[in-house]
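Look at the two complexes coming up: chain A is in both, with chain B in one and chain C in the other.
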Partner chain A sequence: MRRWTGAVLATPATALMVLTFLLPMLWLARLSLDRSEDGGVLVPALSAGEYGQFLGDPFYQRILLRTFELGVTVTALTLVASYAIALFLFRTRSRWRAVLAVLTVSPMLISSVVRTYSWMTILDDHGLVNQALIWLGLVHRPIALMDNLLGVEIGLVQIEMPVMILALMAGFARLDPTLEEAARCLGAAPWRAFLRVTIPLSAPGIVLGCLVTFVQVMSSFVTPSLLGGGRVYVMATTIYQEALETLNWPLAAAISIILVVVFGACLAAYERFARRWAA
Partner chain B sequence: MRPLARAAVVLLYLFLLAPMIVVVLSSFSNDAYLAFPPRHWGFAAYGGLLRNEGFQSGLEVSLVLGGIVTAVTLLIGTAAAWALARTSIPGRGSLLAFFTAPLLMPTIVLGLALLLVFAQLGLLGTLPGLVFGHSLVALPYVVRLMLTAIRGVPASVEEAAATLGAPPAAVFRRVTLPLIRPALLAAAALAFLASFDEVVITLFVIGPRLTTLPIQIFHYVQYRADPQVSALSVVLIAVTILLIVVIDRSTGFMRTVSR
Partner chain C sequence: MPPYLELKGIAKSYGDGAPTVAGFDLAVMSGEFITLLGPSGCGKTTVLRIIAGLLAPTTGTVLLKGEDITARPTHLRNMGFVFQNYALFPHLSIERNVAFGLEMRGISGAKAHERTGRALDLVRLSAFRGRRPKELSGGQQQRAALARALVIEPAVLLLDEPLSNLDAKLREELRDEIREIQRRLGITTIFVTHDQSEALTMSDRIVVMEGGRVEQVANPVDIYERPATPFVAGFIGRTNRLQAIVRASAAEGATLAAGDETFTVRGALRAGHAVTAMIRPHRMRLAKTASGGDANVLAARIRKVTFAGETIEYDVEAAGTTLLVESPTSPVEGLRFAEGDNVSLCWDPADTMIFPR
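Coming up: the complex of A and B.
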């Protein structure tokens, strides 16, 4: 009897997921094989033409490359910026530790639009940084800190930091401080103990944090749209434009599938790493 | 810690928290455009909020939508979690993976997929369409949280009640429900937050006459940045903190994070 009760109770949620997730994703995959002719006319087909266009056209190649570069740059910067904070949080014995931990993750809980907007108050021509630079007499005219790739990178690093810090802290959990002490006692300089002992032992956290950051940056939309000022084209903004402005749905679908494949590859890579460490 | 490392950590914290600090300060401005520091300090931006019809209608839509999404996902998500934890339906492992799979997908892809299907079903720009889209984001959190909570209730307690003659519905209502109430509250807050903050999927399924608050802000700041948005941000941050406190009091979120 319990079997039936269970099936009945799980049905509404399953139905919702089929309607809003499974069917749409299958539809998306199918549509990516259609062709789109000028003027947004949809031609049912079974061709890889839209994939060919995205991967072959130099304009779209640049977008793919830019998205990839953005992912790598932001991930590297986020890792460096987060490692210091994570290590500090992990080691500190301050009674403010709990407060600092909450402060560290607090930006994560705030709407992405608000977080991106808040960078405008700093990077805008009339924002904090430019006002300070002018007041100090270092520049006469505001310098362009947003509406370009630089602004997108700055915003994304800060937005990804809490996630990276959480991943690193989880990795530090297996860090035994006596190992570092042992390295120091055996005569290793502090930086050497750090490079040869601390970093390798925290590698699982580093890999997890980097993967999560990388896939999030690769698919980020709000920050490139707003801090890029409509001038920074990445995969997510291109999907949006092709879907809602150019109305080339097959191309938008093809780019989406490529993005999903990148996601899948990153997850699979992480699985392999995780299994190796578990062994 | 050595002074150099200490300085680096302080600077990095400044980088992490500066946007929040500056947005709060820049909201107390009487200027017509965004400038930091404000030329004239004051509360004009907050007054402007009360007269901004776009933001107000957006807030109404977001609150109604968040309420519906919370109720729907809590109901069907808890039912599904109970089925996964307490019954022997086949394929429980893959069902759980299916329920949480959307979390592993880029939201931009989910949004496009919904656009393509909703265009066929005539759901674009409608409240049901928005409810479906937001439930997709909220449901994985609810199922996960409730599954953990229900698994945490010892089966022996429920069995004791059943042995003493309570019918299954009464066991759930009188024994299980009170024990999972904190998790229900936390799941409700999380579901509401997931809907209230959702931007990317929403952009694909909204229509010209039905727009949520984050989308209003998104389009607004694409063309201009003024202190009103800062004031609105402060209000939204306050709402978020309030919800986090609710979650924390029921599940000990802060303890989990700071451990």
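Coming up: the complex of A and C.
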């Protein structure tokens, strides 16, 4: 009996995953091999034509590259912005710790659409930042903080920070403050102790946080559409356009599959890292 | 000779609570092995961390070779610190752990390799140089931590309860090993422990601490035989306490009364004063009948007999209180006395420690 219990308990979740994730993905993969004619007519086929179109066209190549760059840039900036906060939250013995932790994650409770709109009121030409800069006399004309790549990056960094902080804290388990004290006694100045001991020992958290952030940024849609002002093309917005505006479903499916392959590669790389630490 | 390391008027307090350490003074000579001994929370680790610069004292100064280092940051103090939980860097091999301090000093290549090798030889870990810390046993990890602290040729070696995470047998082995290495290198060492036997066996001098204050500083023999305070007498080894009144006193000794009984002690005391007399359990003997000589004799009754292998412990009732007597065992005599026996309790007047009440 005992050995069936696990299987029985796992059945509902497995069934749900197969129905809502695996089958649609297979359907999407199949769709990506069809061909599309003008006006959105779907022609069943078994061709890699859509993949060829995407990977061969410099326009689409740039989109893939830009999305990748956006992922790397936003992940790096998010890491830098989050690390100190995560370390503080992990180490503090303040009785406000729980409150601070909740405050840190609280942005996740608000839809990213709402958060992106609030960023628009801040980054707008007449927004908080530009008004402050003009009032301080630092600039004479508003600087463009949105409807461009910069705006998308600012918005995404803030949106991804709670996730990054949670992942970092989850990975800080090996971070014993005694180790930094040992390093300092051995002659390491505080910054050297940080580089040689703190950073390497928090690598599990850093890699996990970067993985989650990178994947989320690569597939982000709302923030690039709204803060990009329709001028920033990334993978997700392109999928949306191909599917709902150009009505080229096979191409949209092909781009989706390419994105899934990129995620798979990231996960595989993470798996190798994780195994090295476990060893 | 001026002291090598000197702590003057060290105090440390957090917020407005009671100070962790107050009025701590200590002068350590070069090459000395000093133990800070006391129950947990007595402030001994705080003192050690102040020497290392990991904590700043609220008041007071730390002098090394006459130089004030109170404000010097930890990484410029050249202190070898060994932590209770080993604190080896888990992401580095044993060799890289030991070489860490050399690397921080810009020593690399053949010279670093040679010094690291010597340090690992010293703690008999050369065969494990390529291993990760968690692949080593607790004792091996602590020896690696010792090598890491010694390789930098520290000004002072600071040991924070390095043996308390190890099992009893290993603890004794490593205890002797640390003492041996310390003597051979002649390195000034401050050792923190709550274990009196570690303190007695390893130290040149012991600093007994309680409630953030120094109770006594002396060599192990004096700490044991001539404790300065009832706390020291009670903390080191076991003691019986007799509350007594001084009846009469002369230059050579005094007569004290406890309950219905009287006994004598060496040295003059002031008549009429209330004192606490303390006698170690193994310095007392039991006899069937009172034997002569100048020994103190009290009428006693056995309440409990506990056989402990190397000793027999008798709980006896005498002078209106319960006392513990520890007797050596022998195959001939077995359990000499049984519960309820009336016996004579004897001890040498010189074995009585007197403290004013």
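Rule of thumb we're sticking to: the second predicted complex is superposed on the first by the 258 of 279 C-alpha atoms of A that agree within 3 Å, B and C clash if a C-alpha of one lies under 4 Å from a C-alpha of the other, contacts with A are read in each partner's own complex, and residues count from 1 in each chain.
We adopt the following convention: contacts are C-beta pairs under 8 Å (C-beta built on N, C-alpha and C of every residue); 3 or more make two chains touch, one makes a residue touch a chain.
On a predicted model such as this, the values are computed, not experimentally measured, just so you know.
Engineer: Which partner does A:G187 contact after superposing on A: first (chain B), second (chain C), both, neither?
Structural biologist: A:G187: touches chain C, not chain B.
Engineer: Between chain B and chain C, whom does A:P142 touch in the aligned arrangement: first, second, both, or neither?
Structural biologist: After superposing on A, A:P142 lies clear of both chain B and chain C.
Engineer: In the superposed model, which partner reaches more residues of chain A, chain B or chain C?
Structural biologist: B
Engineer: Shared contact residues on chain A, chain B side and chain C side combined as an intersection?
Structural biologist: Residues common to the chain A contacts of chain C and of chain B do not exist here, since the sets are disjoint.
Engineer: Note which residues of chain A are touching chain B in the complex, please.
Structural biologist: 2-3, 5-7, 9-10, 12-14, 16-17, 19-25, 27-28, 31, 81, 84-85, 88, 97-98, 100-107, 109-115, 117-122, 124, 126-128, 131, 158, 161-162, 166, 215, 218-219, 221-222, 225-226, 230, 236, 239-240, 243-244, 249, 252-253, 256, 259-260, 263, 267
Engineer: Under the stated contact criterion, what part of chain C meets chain A in this complex?
Structural biologist: 52, 54, 73-81, 83, 85, 87-91, 100-101, 104-105, 148-149, 152, 158
Engineer: Report the residues of chain B in contact with chain A in the complex, numbered from low to high.
Structural biologist: 1, 5, 8-9, 12-13, 15-20, 22-23, 26, 33-37, 75-77, 79-80, 82-84, 86-89, 95, 98-99, 101-102, 104-110, 112-117, 132-133, 135-136, 139, 143, 168, 193, 196-197, 199-200, 203-204, 214, 217-218, 221-222, 225, 229-230, 233, 236-237, 240, 244, 254, 257-258
Engineer: Can you list the residues on chain A that touch chain C in the complex?
Structural biologist: Its residues touching chain C are 174, 176, 178-179, 181-190, 192-193, 196-197, 200-201.
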